[in-house]
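Both complexes below contain chain A, partnered by chain B and then by chain C.
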Partner chain A sequence: MSEQESLTTHQAVVIVSNYILGVGILTLPRAAAEKVKTPDIWLSIIIGGLIAMLAGLIIVKLSQKFPGMTFYEYSQRIVGKWIGCILNLIVIGYFIAMSSVMLRAMAEVNTLFLLEGTPRWAMIIAFMWVGIYLVIGGLPAITRMFEIIFPITVIIFFMIAVMSLKIFDINNLRPVLGLGIMPVLHGVKTTALSFSGFEIMLLIVASMKKPETAKKAVLVGIAIPVLFYVTTAVMVIGALTVEGVISLSWPTITLIKSFEFPGIFFERYESLLLVIWMMQIFTTFVITHYAAAKGLAQSMKKDMHPFLYVLMPIIYIVAMLPKNINDLFHFSDSVGNLAFVMFVILPIALLGIAKLRGAQV
Partner chain B sequence: MNRQWVTWRLPLICGMLAIMILFTGCWSRREIEDLGFTIGAAVDIGEETQVEQEFDQQGGDYSRQKALTLTYQMVQPGQSSSISGKGGGGEKKYHNISVTGDSLYEDTREIALMQGHPIFGQHYKVIVISDKVASKFNMRLLFDFFIREQEFRPSCLVLICKGEARAALDQKDKSQFPSMRLLSITNNRYRSSRILPPMTLSKLLPEINSSSSFLLQNVITAEDEVKFAGAALIYGKTGKLIGFLNEEDLESINWMSSKVKGGVLKSYDSRSGKPLLYEITSMKSNIRPHINGNRISFDIQIESDGRLGEQWENGNGFDNRFIRQVEEETVKQARQRIDKMLHKVQKVYRADVIGLDQYVRIYYPRIWEKIKKDWDDMFANATIRYSVKVNIKEFGTTSIKVH
Partner chain C sequence: MWNTLVSYLPAWTVYLQALIVVAVPYVLSRIMSMTKNATDNNIEQDDNNPDSQHDITGKLDIDLDRIRTEYGDQADLNIRTFCLGNTNQQAAILFVNGISDRDLIDMHILKSLMIDLTLMGDEQGRDMSAPPFTQQFLKNNVLSIGVVKEVTRLSDLSSELLRGHTALLLDRSNASVIILGTRKEITRSAGEPSSEILVRGPRLGFNESICDNTTLLRQHGEKANLTITELRVGQRVKKELAIAYIKDIADDQLVQEVRERIERINLDDIQDAGYIEQLIEDNYLSPFPQVQSTERLDRVISALMEGRVAILLDGTPFVLIVPTTFNMLLQSPEDYYERWIPGTLVRILRYFAAFVSTFGPSLYISFISFHQGLIPTKLALSIADTRVGVPFPSLIEVLIMEIALEILREAGLRLPKPIGQTIGIVGGLVIGEAAVQAGIVSPLMVIVVAVTAISSFAIPQYNAGISLRILRFIAMIFAAIFGLYGVVLFFLMLCSHLSKLISFGVPYISPAVPYHLQDWKDFLIRAPLKLMKHRPKMMNTKNPQRRK
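What follows is the complex of A and B.
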């Protein structure tokens, strides 16, 4: 490996958390409320998180069987050259789709709330070039960037959460489990999908200094977004109620716009939220772009750099495919469904096959 | 080649820096001076202003039904930040502009034809709806525009005005903003219990979505002055205004739903008929619903701490017997008011605006799912038992002592 990639456990945690946190902060409360229809959304999120942790553990287990190898390298050793190649392509396709969804969501939110007159392509292209500047530095550069972004996100996010206590009413979150556990389970699929991102462990376990700590890394890496999402859901439902949230496209932004602190110089705190959200979108975009390019490079056993550039127009075109915001939401849902198949069912199957074939692998 | 790079490096870096500094900009930039900061809006039944009628005669008419008149309060550009010494206070800091039409959005954009600075809604404070509009249009349709448009702040306060709504956006003292005044009055809840907790757009949305009945603060105007006077009652099923509660009814509702931060309660001594005034320092209520088959009942305990604020009757505050007597009179008064209020909301309007539905939802979630559609009718037939307890903790610095 030409790049000197060795990640500490902390860095792995930061990568997983940053990747998971993304569009979900703004849309998860509504997506979950639509399914659950009771204030118990936060329970769904916790259960979803636990499922994600389980899936993450399976992926880690699989990766640990092949020390120093990424998914792209060991897939062919498990299921043979051709099937392995197809699997790699699907995974690469997934990363490209994910990357595109991030770009487009970023552009949509920006158009609506920040840059009314700026064309989407201008935002997306600027975003991509900054992204590629980072990705060229390889995993070490990406990791360092993530380590800078992460604490900023935590601080601003919890500051905003505390501020929104002003319009918080605990009665909106009661009763707990009033209609039993069934509504909660209805929402689990949606919430579990919002934790897609742990699949990056397919790639980064290979680069970890101590791959044996990867389990811990994936658990903590998912636990942090769980905390973020639960806080978001509790604050949003507590302030806007389930009935209110269902009809809001971007409930978290509405929440931040719903309170004012007279006397403090500026009023529009949603800009703070949008800043950290944009950074989280950026991290997700960068890591998926990297993962896709890395996949192409390793499948063809070539250098990664040319693939980074080749992917740019592809990601751009895919990002521009959804015709409107509903298309985008649907597209994002299908990508999520694909993630479920690829990263929950497939690893179990692969792990099974690898165990069966035992020594040959 | 290496040397070449070194010689070119400095100019290259300088060039890059120059590009970064000189070419940086915001595509969607709008100068703050060019924004028509709008801080309030009022919706009235369509009636064209003098100016509009003249515009129409001159050929400024367009296809529309004159259903609604939308009035925006705009901050006079350049005036908001100017020092007060300049105009001597006589200068108007705001101006109101009205447009009549059948689409609130079109009306808003029509202003771009009349003003150098189109509407900029990020600093919205208040929306006033006239009672005629509220009783004619469903709230869901009426507020669609205000809630949907991302430029308007969901923290915006919603008020009903009995009479012409735009009158509430005008005042004699032109050096202040009428919208701000309306907003500040809602901050006075620690001095009066006759103010509804602020109903913002973001709180309105769940009420509209769940088709529940609710109250909106009512404002009345007289000669460019305003007063918060009771509340307007919005009926859940129709989403329309069906009536008003007066100040005292509103106060009783606030007592019941522990939304009181302060205020006074005047009672009359039963023997002498002289006023006694109890000042509320805290008030809590405990609501417990009961469902037995089809019968719904509520047990409500209201408890308040406060002080004796004023007495027109001889009586010694240092004597606990007198204190007990005042407490009894206060409780009696409170019960009378609550009875009156309950009769009004249960029998006359048949709409649960007290917010008791919340408690049924919390305590009986499964039953609630079945009855929520007809909740207002169930509420009208519900039995409400309540108790009021008043504790006078002190009586200020003096007490009348008659020797």
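What follows is the complex of A and C.
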């Protein structure tokens, strides 16, 4: 169970994909439809995915310059001790915020669709306990867990997608580019944010067996969620129309709820979607918790375990901060904006500085 | 600005909950690590302290006196003194009645020692036959016994005696004793293992003698490269233990690891392979068996061919196989003996059965108590109809029946076969029917419990079935608290545990993950034999090709 156990390329792919797939499946169609307001959001998603891939490649390039080191270690090498420390703290803060958002979103959806009466704190605490149990096992255990969850997600998701063809109407997706390309570009920022998750490459390139394949890993790792998101968006818009989607908080669940297959054991399948979605939330939560603790540990050059525990109450309190679901969405949007700055602009800058300083680092 | 910020400050309960969030797992992990340290504290044994008091002197009177004072009260210890080879050199043989082969002693040992040895020397024209005879001479020229060795210490002597060997003490000679292999074993003939029955396949199982077992392995397994290393375990009762592996397949590191763990065992008496299993496993807190135990010869041989290591212990028919992975628990040798299509289907069925056996009742609870909306309306209505008279929540309802069933199963296990069946009928049919009639439980619930129970019997490994049964109860409690969310949480926890678990350096959950597509040919499906060209990649074998 040593940390030294290195990751294979497809393990890196699975980590990136699992991390990206999270809240997005349920909210992306609405978030994107609000901005785009035409049925072309699938185009925005693809463009957003491409941008994410570009950003991922830059991050990989940066990480490959420092073999065997994570972002937390080489940031100080590039920009000096103090600025590096501040950067690390911001990244750690981002990961904490991200895992808090995941927890809270999970609790909100559960309250709405599965457990009306159960208090949120009980759900969140139980979730965090299961999470810490896994995270203590270190990156190898986390990776194996991701690999278990990934095929389950793929199978159930595409099963549900095929089922929802029953109420799918291609006309809702027409006209393609009816209002030109501008609305599509308008939504790109939102969709690109839903691909945040590739930044985990800042950490895991260091643990890869073959770091030179990291580029491939990040490309495939983002391509898989693109496929998921495009499928979701097409299905949701095709069934519920753009106007319908904008008015719903969780359009994907509504979609699954709105068709029935009597005769098979279940009539409705949103439970299945919720199950895989909770698993995906779990993966995102676990990896962000791990990333934040790893950051603290490496910044202070100490063992990781105490930091895992230290982070738990912080993540919990942050998760309880939003007063309602709208607060949560706002919070999540600002976390996304932070991600844009941190993981698109910053790596370019760092890469530039590293190139300039060249031999010194 | 300030006010909005203040309004976001969480209530004091949130801080309290945050404290609970961290306190519980932290305390648990402390307790775990404390127990772990306690169990890891195995003191190295040192039984090799030389003590001249217990050495053989080479003078018969003194040696015999010492033996008499130390073991004189043993009624079955036989000491026979005689004159060696028709000379005046005194000698004695010692053996324990019953466990040593009397025919061998009378016909071969005593007879050849008491004939005139001086004559024999003359015939060969050498002068070494004059008394006093040395151990060397006796071993080379006189004793017609296959297994002969020398010991110099009294404690070694006694342990050999008690295992059925015969000791030969000489007067006026070197300070050592010849041990003659006269052990007589009472063994059961190798029959069909009763705990793992196959419809098709060899009917041969191990028995309680390690000698027979290694013989079976040699006879049916690979010949040239099968390595069987002998070790002794137990401090008081020294038992023979053998590690078997195939030299040019098994990973050296693995063999070394197994050997080290066995050598670290520090217990006075190892009664069964189960002791070994528990003392060498990686995580004693896990509900899953991390070492496979089997009575079947074919299972051991195929595991050896995959690069695993087998551990045989004297006195038990159960052979341990390490490292164990999760898929082994749901495989049966028969999968390979039948054609691949039935083999595959049966195997998938078993995985499904394992799933039902773990999650069946918890899914029932979560749907009945929490998410009635998710089941088809007609079914929901009919369930509601049958549950009208049931006074308990579904968790209690399921617990009543599940516990009753577990008791029945336990009772049936220990009873003679004919009564066991009666218990099954009385318990299963009568109690189930009566419980429904009495309105304690609903009929659907009885169906769920029955299906679960039968599913758990479909798992070929008995101990794997037990661990799934334990997990079923935990799953039920999760479901009773959180409904479907609880079941998902439990699933995540189970998977987390499985991902963390490692058996002798191999992830327990492999070959499912890490993805080795080649290994998947023998995981959920059983690919046609022609396609299975490689040994499992996870085993890191020296010779990965089964065939070209």
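The rule is short, and it goes like this: the second predicted complex is superposed on the first by the 358 of 361 C-alpha atoms of A that agree within 3 Å, B and C clash if a C-alpha of one lies under 4 Å from a C-alpha of the other, contacts with A are read in each partner's own complex, and residues count from 1 in each chain.
Definition applied: a contact is a pair of C-beta atoms (placed from the backbone, for glycine too) under 8 Å apart; a residue touches a chain by one contact, two chains touch by 3 or more.
Everything numeric here is computed off the predicted structure, so don't read it as measured data.
In the superposition on chain A, contact of A:T118 is made with both chain B and chain C.
Of the two partner chains placed by superposition, only chain B is touched by A:T254; chain C is not.
By the document's definition of touching, neither partner reaches A:H186: not chain B, not chain C.
Contacts of A:K216 after superposition on the shared chain: neither chain B nor chain C is touched.
After overlaying the two complexes on the shared chain, residue contacts for A:R77 are found with neither chain B nor chain C. Number of chain A residues touched is higher for C, counting chain B against chain C.
In the superposition on chain A, A:K323 makes contact with chain C only, not with chain B. In the superposed model, A:G178 lies in contact with chain B only, and not with chain C.
Touch criterion met: A:T241 reaches chain B, while chain C stays clear of it.
Looking at the shared chain after the overlay, A:K65 reaches neither chain B nor chain C.
Note: residues 114-115, 118, 122, 267-268 of chain A belong to the chain B contact set and to the chain C contact set alike, using the contact criterion stated above. Across the complex, chain A meets chain C through its residues 1, 8, 10-11, 110, 114-115, 118, 121-123, 125-130, 132-134, 136-137, 140-145, 147-149, 262, 265-268, 270-271, 274-275, 278-279, 282, 309-310, 312-314, 316-317, 320-321, 323.
Residue ranges of chain C in contact with chain A, taken from their complex: 7-8, 10, 13-15, 17-22, 24-26, 29, 370-371, 373-377, 482-486, 488-489, 492-493, 495-500, 502, 507, 509, 512-515. Residues 26-28, 122-123, 150, 153-155, 200-203, 205-206, 209-210, 358, 361-363, 365-366, 368-369 of chain B are the ones touching chain A in the complex. Across the complex, chain A meets chain B through its residues 38, 112-119, 122, 167, 171, 174-175, 178-179, 239-244, 246-248, 254-255, 257-260, 267-268.
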